[in-house]
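Just below sit the structures, each encoded as structure tokens.
You will see two complexes here that share subunit A, one where it goes with subunit B and one where it goes with subunit C.
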Partner chain A sequence: MNELVFFINNVVISGSVSGSIYAIGAVGVTLIFSIMRFAHFAHADVMTFGAFMVLLLTTAFPAAGASIGVPTALLMLPLAMLLTAGLAVGIDKLFYKPLRAHGVKPIVLVIASLGVTLILQGLIRLFSGTGGQSLYVDDRKEIFRLALPFEGVRAPIVVTEPQIYLFVITIVAVVALHLFLNRSRLGKAMRAMSDNPELAQASGINTNTIVAVTWMIAGALAAIAGTLLSLDVTFKPDLSFFLLLPIFAAAIVGGVGHPYGAIAGGFVVGFAETLAVFNWNILLRPFQDSFPSWLELPSNLAFVGTEYKIVVPFFILVAILVWRPTGLFKGKVIS
Partner chain B sequence: MSHSAKTRDTSDTPQDATQTRRFPLRELVLFGVLLVAILAVYATMGAAYSTRMLVEAACYAILALGLTIQWGYAGQFNAGVMGFVALGGFCAMFFSVPVNDAFWGTTLPGEFGRVLLYGAAAILLIVGASKLDRLGVPKSLRTFITVVLGVVLYLVVISQLREVTDAIESQAGFVGGLGLPPWVGWIVGGALAGGVGYFIGHICLGLRSDYLAIATLGIAEIIKAFLKNSDWLTRGTATVSPLPWPTPGPAEVGFTLSRALYLSVTAVIIAVIFLLLNRAYNAPWGRMIRAIRDNEVSAAAMGKDINKRRLEIFVLGCILMGIGGGILGTFNSLFDPQGYLPLNHTFLVLVMVILGGPGNNLGTIFGAVAVYIIWIMSEPLALFLMQLAVAFGEGAFGWDTPGNMDSRALQARVLVIGVLITMVLRFAPKGLLPEKIKSHS
Partner chain C sequence: MSSTTRPLIEANDVHGGYGGMNILNGVNMTLEADEVGVIVGPNGAGKSTMLKAIFGLLHVNQGEILLNGQPIHNLPPNQLVQRGMGFIPQEKNVFPSLSVQENLEMGAFLKPHNVKRMLAQVYEFFPPLYEKRRQPAGELSGGQRQMVAMGRALMAEPSLLLLDEPTAGLSPLYMNEIFDRVKQINAAGVGILMVEQNAKQALAIADKGFVLAAGQNRFTDTGAALLADPDVAKSFLGG
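For the complex of A and B:
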């Protein structure tokens, strides 16, 4: 049983944590792709920017959260979402819109977004330095240890406070997105434009509004994902290059342009990562006695070492591109 | 892809086409300015330093040529130049470093060979299992058997490999090199980079070019992670140095002369690559490539095999990057996997290409040398500007400046590269020396 608890701690919980973060990030990428038709490489840096805004606000008012009993960082999240949404719209106005007006190929927009990546990264590093910083400036990270009511189980299930917030916020964000896309006028217009831009424009949908709204949603979601990640670990200015590949893998696994697919893809990638680095020997050890004597299990039965974690999303990406390039849920144009 | 025909050829009016040979004023002016800049660097920074800068710029020119044929000739965007450069650097190290007797004198090579054999046998078994349906096994059962067999055999082989590599690390340090001349490593590095390029290109063929960018970005990080963490092969963060040069080293003839000799070697290589590329560009093959880039549909209608040509271009570009990475690695005389950074080895090359003129080899070489000089000189300049700002801030507003200003000033270069990329794309999408489009009327 202790082994099972270990499995839950190391795979189920940490897989859902990274899965939620990838899912929220991938939704933004996939929405941008479905409206603007290009892979937005700067998304991971928009996430970092959101987290950085939270860090700045939290450092400015460290005691604000204590009055209502939540960490200050969480209280500042809505404000940071607003700022990041503004940033995303601003980036589009400044960098992508002129290029779109020129009618360039989508790949030129991809290169421009790499330029934006570097600009954001440079700015964040310039102001925050290169080291890691905790978002818990004045508060304390609570750690909950849930002991299981079984005989002989000594190890508790460990969940930290930011992880609980993370699950709650992810569920809220997904439900809100679902309601927006299916119930609101703007959401329906967005889906129409993603399906057929010319037809959407011909039927009186203001495409400029849709583009702006898409950037705002993607920016706000990116701020959530970046903040939750930084709450769980620490804030680092160079988070983005480690996030880019899992997020794109998630978006492609789910079918590009498919928000629900991106959520599923995020969890697929998150769990695949944790399952691949998990040492399976721990689960097999209790059955060691029942194995034939010639079979001696090596002490490390992980598929890849933690240092090669990045191989996992890449492997998933390659596999999906080879076998099912449209993704699990039939995605958009790929040729 | 449908706009591509519109975006390319706005300046290409019939008058231009009939004007057979125009005086290359623009080229002369730009290269003249470049020459003055190089001379200024020589005058201020000394000959040894400036020659080193020129050699590095020449290595970057090879990388930029690789990228310019991918991006400029074929419209493929490679966001993982760093990975191919690192592969080239690794091969240059592996082939030229002296033989390590602590490894080859023991039973370890045999053990390692045995694991490799296991790996080969495992692959054969899995491939065999995936063909079981030909023997009448139902397809779902075949898939199940293949997957289970794959997982089990993978775990067996990987744990054997871990044992052997741990043994190598503890007993011999690392595998060591082969003690061959560096140019062998450069060629193999190019071939290896080309092989990886073939793998990536083959998967992403026929998909949107965004997918190629994502996949190359990923493979670059993976190659770096592998080289950084395989201490048994590369000594990882402990780094390997010195790497022998093909020319006499600084210890024999002094810094300036040895670097000048190395520069002449790279210059010859660039000249050869340049001539071959120009030949290919003007040959029917090059015309076909441009036809595919400018209008895929009509090229396909003419019976051209688009995907095959694209793969050729992509692999060729990767080979050049591997060779350039090998030459750069040997020149640095140090193999440090952590020294390969996306900024220095991917985005800097990208700026060189789009600023110099994608698809124009001369423009690309100009861009490479010019951007590299700016890049190198920006380091002292950024520090100076930062100190000026800090001094001003402390004097005027009593700022309390953090201590790590130096490292932050260097981060400003990230910002500058990003601004450059976005500005060039917007205001000079064809670069300083645009590709000359000929039409034969």
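For the complex of A and C:
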């Protein structure tokens, strides 16, 4: 039983945490792709920017959350979402829109987004410094230990306060996105434009409005994902380095242009990462007696070492592109 | 000059094309508000190109296009929809992953308060669409897709409907159904301008016919007169 608790703590909870973050990031990537048909490589930096906005606001008003009993960083999240949505729309106006107006190929936009990556990383570093900083400036990170009511179980299930907020906010964000895409006039127009941009225009849908709305949603979601990650660990200006590959892997695994696919893909990648670095020896050890005597279990049975966690999404990406190029859900093929 | 006396659509000496190459070399057209106009002609004559020029999908380099006396050439399509124009492209004329009803709702995007009333009207006009309203439009047959496309355009209550080869690839049964529907829509007060490959059947329901060749008008007359003209028959209607 103790081994099972260890598994829940190290795989189920930690996989759900990274899965949620990747899912929210990947939805942004997939929405941008389905409307503008290019891979937005600066998205992970938009996520970092969102977290950085929360850090700035939290540092400015460290005690604001105490009055209503939530971490200040969480109180500042809606404002940071607004600012990040504004940044995303601004980036589009400044860099991508003029290129689109010239009718350039998607690859030109991809390269431009790499340029935006460098700009954002430089800007964030300029103001934040290069070190890590906790978003819990004035608050204390609560840790909940849930002891299981079984005999002989000593280890509790451990969940931290930011992880609980993360699960709740992820569910709210996914439900809100679902309702927006399926119930609202603008959301349906967004799906229509993703399906057939010429016909959307011929129906009187203002495609500029849809583009702006897409950036706002992608930016706001990016702020959520970046902040939740920084709450769970710490804010670092190079967070995007650890986010870029997983969120693109998630978007492609799920089927590019498919928001629900991106959510599924996010969890696939998140769990694959944690399962790959999990030491399976711990789960198998109780059964050591029933193995033949010549089979000695090595003390470390992880597929890859923790330091190589970052390569896991890359392998998933390659596997998906080889065996199922359109992703789990039938998505578009990136050209 | 009062706009009420002006024709619904008027094209004078329209030149235009893609990327500097002109496909239209001086097309003239006039259509009154209650008329059906049909554009026929050989492949590459600029039939669909003319329709796209009217709907703002193509740059007009020379000449003018007037809607109710107002110049509209080179206005973006969403403004033309606002002014009462509807366009049904030949291919990719539905949103495949959206349900039939969502497809129709997109047609009324600029008039959201009309959605309920117009949905009821379109379902009454195309009863099969009501039964399939929750199905993705991409799963429908070609004829049913054409109905979705027409329904979507009607949702905006257009005064002029542009159709690009509405019967292309349809069985003769569906072809007659589509022509009947076009006549009914016209009888309800909507001006129709369509490009057709099935020239004889289309000219039979046309008030005005425009035979284009090499981006210019070759013959312009009533549908009946064009059908009766031996020259037109010999060169464009296959004898």
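Simple rule for what comes next: the second predicted complex is superposed on the first by the 332 of 335 C-alpha atoms of A that agree within 3 Å, B and C clash if a C-alpha of one lies under 4 Å from a C-alpha of the other, contacts with A are read in each partner's own complex, and residues count from 1 in each chain.
The rule is short, and it goes like this: a residue touches a chain if its C-beta (ideal position, glycine included) is under 8 Å from a C-beta of that chain, and two chains touch if they have at least 3 such contacts.
Please read all numbers here as calculations on a predicted model, not as lab measurements.
When both complexes are overlaid on subunit A, subunit B and subunit C end up sitting side by side without clashing. After overlaying the two complexes on the shared chain, residue contacts for A:Val110 are found with subunit B alone; subunit C is out of touch.
Shared-chain residue A:Arg285: touches no atom of subunit B or subunit C. By the touch criterion stated above, A:Pro298 is placed in contact with subunit B alone, subunit C being left untouched. In the superposition on chain A, contact of A:His178 is made with neither subunit B nor subunit C. More subunit A residues lie in contact with B than with the other chain of the pair subunit B and subunit C. In the superposition on chain A, contact is made by A:Gly204 with subunit C only, not with subunit B. Judged by the touch definition given at the top, the superposed model places A:Ala189 against subunit C, while subunit B stays out of reach.
Of the two partner chains placed by the overlay, only subunit B lies in contact with A:Thr130; subunit C stays clear of it. If you stand at the C-alpha centre of subunit A, subunit B and subunit C are 90 degrees apart, rounded to the nearest 10.
In the superposed pair of complexes, A:Phe314 makes contact with subunit B only, with no contact to subunit C. Between subunit B and subunit C, the minimal CA-CA distance in the chain A superposition rounds to 8 Å. Shared interface residues of subunit A (contacting subunit B in one complex, subunit C in the other): none. Residues 55, 57, 76-78, 81-82, 87, 89, 92-98, 102-103, 105-107, 109-110, 112, 152, 156 of subunit C are the ones that touch subunit A when the two sit in their complex.
Touching subunit C in their complex are the following residues of subunit A: 185, 188-189, 191-192, 194-196, 198-207. Contacts from subunit A toward subunit B in the complex involve residues 38-39, 41, 95, 98-99, 102-108, 110-112, 114-123, 125-126, 129-130, 241, 244-245, 248, 252, 280, 298, 300-301, 303, 305, 307-308, 310-311, 313-314, 317-318, 321-322, 325, 333-335.
Listed in rising order, the residues of subunit B touching subunit A in the complex are 1, 3-4, 6-7, 75, 77, 79, 154-155, 158-159, 162-163, 203-204, 206-211, 213-215, 217-219, 221-222, 225-226, 228-229, 342-343, 347, 350, 354, 402, 404, 407-408, 411-422, 425-426, 429.
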